[in-house]
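To start, the structure itself, in structure tokens.
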């Protein structure tokens, strides 16, 4: 087996939900006669989604959504899958990047799957002649969805797009567990430091933050949470964590992870009071949570190691991981979200692609939520793959819940 | 100090939020010239609410909302508080119970506070002549709120009532922590059995259920969760618990706690397969979650102890706590919710009473949610009492959150 | 069923190890023809030990080891057990107390079981004429054992006594889990306060201390540990707790539990800096860990409630539970160690009684450890009662472990 | 800064205990005029030990103890440290390996530090002429110590050697936390799978096992423990884990980690019943815990990836990490023990080297334990570096502990 196929084979083992969907797709061929155009990170987990769609009868044309995230051996393996054509190449030039996107569009896809809206953007600008053939699309990321909503608000989105993001399943699995575990293991492996006994500062007590807090706590860290919302702050306090301002936390923290999705969370006034050897990383979204600009401009000294930059501030070392980018993805050893998490996210993608193909013709150009039924179906498929049975409401119970006279 | 005042003095120590509100009330006297009519459980924690309202300038007239929950020494102590008159008496007759309610109404209250809607019901039936003088009311329980919503739906609710229930603060504090800790300690003290190492079955993974699961887990139990919702089931699984049907759980569980709010959760088919010595209790709502009717009708033997009934089924002992009523309240040693929890719930009551007095005249007869600002204020007061400071959004951050072009 | 028998029947359900031993005893009658003289707390768990010994063919004569710990209904029920005679009476006078001890000795026991050495002491002083007939004894408590060792050191102990205490099983079960859970639930029920979010101070990180720390942590408390041993202190730190001196802890603690077995752990300098409303309790041994003498002599005010005394110091309330005595036993609602824990401790008693009867004649007057085989047997019986199977060393593995040449 | 120095500089940040020792060594120069000969893994953490010894006045001559563990950039950096000469080279031939050892010995060291006894062995065989000049040695590993004890037993060990291993500090830090965290993060990064919700099987509930169990549990895994000792098995059960035989565990486990130090823990009968996709790894000692010989001989199929081998058995995939070698060291991304752990282990080395130099002349050829005072000192230095103060026994308390008459 070649390297790319070995990687796909590994991922496939831990993607039972896509496996179940694939079985049904093979039988029902819901995409028969359709072309799916995709621009996603071309690596093993994505490849399993691609082959699932192909198994459903689709011709799949895929390129990358970031020049650096393509794994060439996986791209090669994808080209061996019947019905799939992959144009992605690692470290391609900007010209090659857009050239590949155009090649995907040239096949006149009926459905698009984006991670960052590059296909949809190209369709609405350079390739408007193709808009007519599109039934609908799916978008994976927050950022893409935000841009789509802006387009829709201006009446410029020409076909329906499902926001495959922010469903209960994604929040719980992707954020709490996916980010929690992968950010933690990336910090551990990159720095070779202990978590137990450390002051572990989590900025933001949203889904990502509470996942990280719980897991660092589970390894024996003393967890500090910073928040701007009083109720979330009180929740964190009651969950056994230390709630304080970042100014206070900056003085005692050993390891910092930002998860706010906001900007300027750790800035000059914090850097100046940090302990020697503090470790800073980001598991939120963009690389603006830690003020790297200030660090670069004001450092008294600088060392660069594999995925770690050390800035000397006030004579003390401040260590920033992965240039403030997502620590679970952007460190050399980071593997991104665990496979099982992507199994669920990509299961949503597969089922939403099927849905938009079936229902898209009747929908106007706008951004749509993942249908609740699909979210629940993915949960049920996952439970099924684990061999877990759950109770069902009896008629009597259903009646009771809807009629408050009984039992009172 | 007499017994009732000793109890109030104890509770006051752990009710800092009401303490803060009291200070403001004393300065501002928001209830000046008003009469508040109350029907609540007359015990120490309630008494601290009553004196807080009185400190705000209200004349407070209170009776019980359940003949068995009144503590006579607390009732006596309340009558020593200036501006307060208490009519409650433990173990009174039905006639005396309603007589006391009428005495409260006789003072022509301007605001009502109910736990179960007895005052409001009486006002809308026997005492309609008083409706005119009422500005608004507050209702504490789910059940009362349900009945009020039904009245409102039929257009029969004559004044505005705030549903002091189901706010984020109440869900998180009252359900997760209040029910979690008090149900667990009640089971421990009533049965004198270990939690560590036990199979601890929690029916329902809502707020009460996840509080209990987390705490039993924290003591070393192996927690089994039963659910009807696939997503909640998967959450429980990922949180490290065992998810299965009640039929499967019934065979291995040592201790069962129902928290569903539904009916017939543990029934004949479960009883028949239980282990000898199984312990069953309810922390949900009504005493219908465990099928006690069946047990009484079909038992092969029976023993009754303090807060424990033992039923012999298939030759094995099934032990039910507190007749299937709320285990944290209805066992002999149970103390109800921890004081700090009622501090928050009653702080909501105090602030909602103030709010309805100020705004009630402008509102039509209906059920209203707790204003979000009041919920947040209670969280902030609690953080303040703990000496916890949190961050505030900077202008730059606020701008960033509302303008997705920056940072992308 | 009468009250005493109901209590025994309850305890029996959760004492499977004694149950197993009883079956063997019934078949083998190891005590046939012997009289066992006992002085133990006469309550339900002890009663199950008594009936187990009686089932083994012993005549059992029992009285209390503390005038206040006898439960008269259990004493009555014991007198209904064939082969058992109980002389204990609650709240008896000192004269009656020793009279009862003499009645037990009058039967000329061959084996003694003590909790505090009252029988053995009486035998070696007032009743030396009976010494000849004694084969050996068992002693339950640290204190009794200490006094016995002192006697033995002076050559004055006339028969062999097994120290049924300080075995690995007792340390792990009795201290970590028994004290941990029962002290925690007693604090919760007695004070009606929350544990979640609290600063919970544990003095001493021995077995009792680490049990309590883990369980309070499991309920969401922030745990502070005080220690005098650097290695234990570092362990506590790495386990995720806060290690500091009691002087520092005194300023921030909400709830304090001492577990050191030493004296003067919380004293004037700590009282003076405590927060208003601090709760103090002891789960160590004697009531000398908290300096109650100072509190009584220097208080500015005082309130007494059920199992709680409040002392005003520097204008702030300091609340001491159970007069500084063992909080899991001495509070009104406290139930002592969970039943399952006493099942193991009393299983050790039962097997050690059998052992000393068989082997005692060949042993000189001294204090003996519990034979390791008996400790392991109790663990195995408990595992068996739980239906848990474990692996056994294979011959190959045994060889490997003893021969380091292989595999290197 | 060059690569090797960058690595040393990183490690130094998290080695405060060696840092403190270095300060004293610099002032006291305890090794002045002495030559230390070392054979250890030449990587950054070791290099900080080397420079600490050199700071103490020693001339340090070092080579590797394994041809593959040398990092050439660190070796180069060491040669820039005054007083240090490093002969190690990665991937050297056997001849070069022993040649380097001889070069170290050629300097006539007065103290030796070994990891695996290569220096001491060479001294006692090929280079006996140098034995005279040796005052004493230190040995880091279990294996080395075992061989030394065998030599000592035969009277063939010619100088005293301290077994820097198996002290309380090492057990607690190195095994519980060092192995626990690093094995877990290595499994996570190597496999990219989730831990939450998984059945995580830990073979052996010794120090390594309980560290791993606690940490996997802390991430949300359901932990299964296999044991051969009933008391440890019962501890694991009470700690909230599932205890069963490996035969039972094999059927349900998702991830297996062996920590027994024994052989043949997972063998044919287990492989045959495993789930598809099972992941197997070893964090014990040698690569004999998983029967790889059988897998290689009987596999139906085979795939090899980076640090993962997949064997098809009964049509299902069994994935073995790092060829069954220590998963935290032998996977490509594994970093070995966290830096803080090696700070403590190497602090023991530094202080034991000082000790043996001072005391060695008076000791006969034998293996000696680490003096308890040194173990405690390392704990105290670590607490000091964390800014943690602990209590000290007062005279009164000391008296109380030693005189049982007081307080009884």
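The chains carry the letters A, B, C and D, assigned in the order they are written, with residues numbered from 1 in each.
Here, contacts are C-beta pairs under 8 Å (C-beta built on N, C-alpha and C of every residue); 3 or more make two chains touch, one makes a residue touch a chain.
Predicted, not measured: the structure shown is a model, and the values here were computed from it.
Enquirer: At the subunit A/subunit B interface, shared numbers over all numbers used: above half (same) or below half (different)?
Expert: Interface between subunit A and subunit B is built from largely the same residues.
Enquirer: Using C-alpha centroids, which chain lies at the maximum separation from subunit C?
Expert: So the farthest one, by centre of C-alpha atoms, is A.
Enquirer: Between B-C and A-C, name the chain pair that shares the greater number of C-beta pairs in contact.
Expert: B-C
Enquirer: Rounded to the nearest whole Å, what is the centre-to-centre distance of subunit A and subunit C, using the mean of the C-alpha atoms as each centre?
Expert: 54
Enquirer: When the C-alpha atoms of subunit A and subunit B are each averaged to a single point, how far apart are the two points in Å?
Expert: The answer is 39 Å.
Enquirer: Roughly how far is subunit B from subunit C, centre to centre by C-alpha average, rounded to an integer in Å?
Expert: That gives a centre separation of 37 Å.
Enquirer: In subunit D, what residues contact two or more other chains?
Expert: 177, 196-197, 217, 220, 237-238, 386 - these are the residues of subunit D that touch more than one other chain.
Enquirer: Considering only the defined contacts, which subunit D positions touch subunit A in the complex?
Expert: Where subunit D meets subunit A, its residues are 1, 6-7, 9-10, 13-14, 177-178, 180-182, 184-186, 188-189, 192-197, 214-215, 217-220, 276-277, 303, 305, 308, 310, 317, 319, 333-336, 338-341, 386.
Enquirer: What residues on subunit B touch subunit D, complex-wise?
Expert: It is residues 196-197, 217, 220-222, 237-240, 242 of subunit B that touch subunit D.
Enquirer: List the residues on subunit A that touch subunit B in their complex, please.
Expert: 143, 146-147, 150, 168-169, 172-173, 176-177, 226-231, 233-235, 237-238, 243-246, 248, 261-264, 286, 288, 375-376, 379-380, 382-383, 386, 388-394, 396-397, 400-401, 404, 406-408
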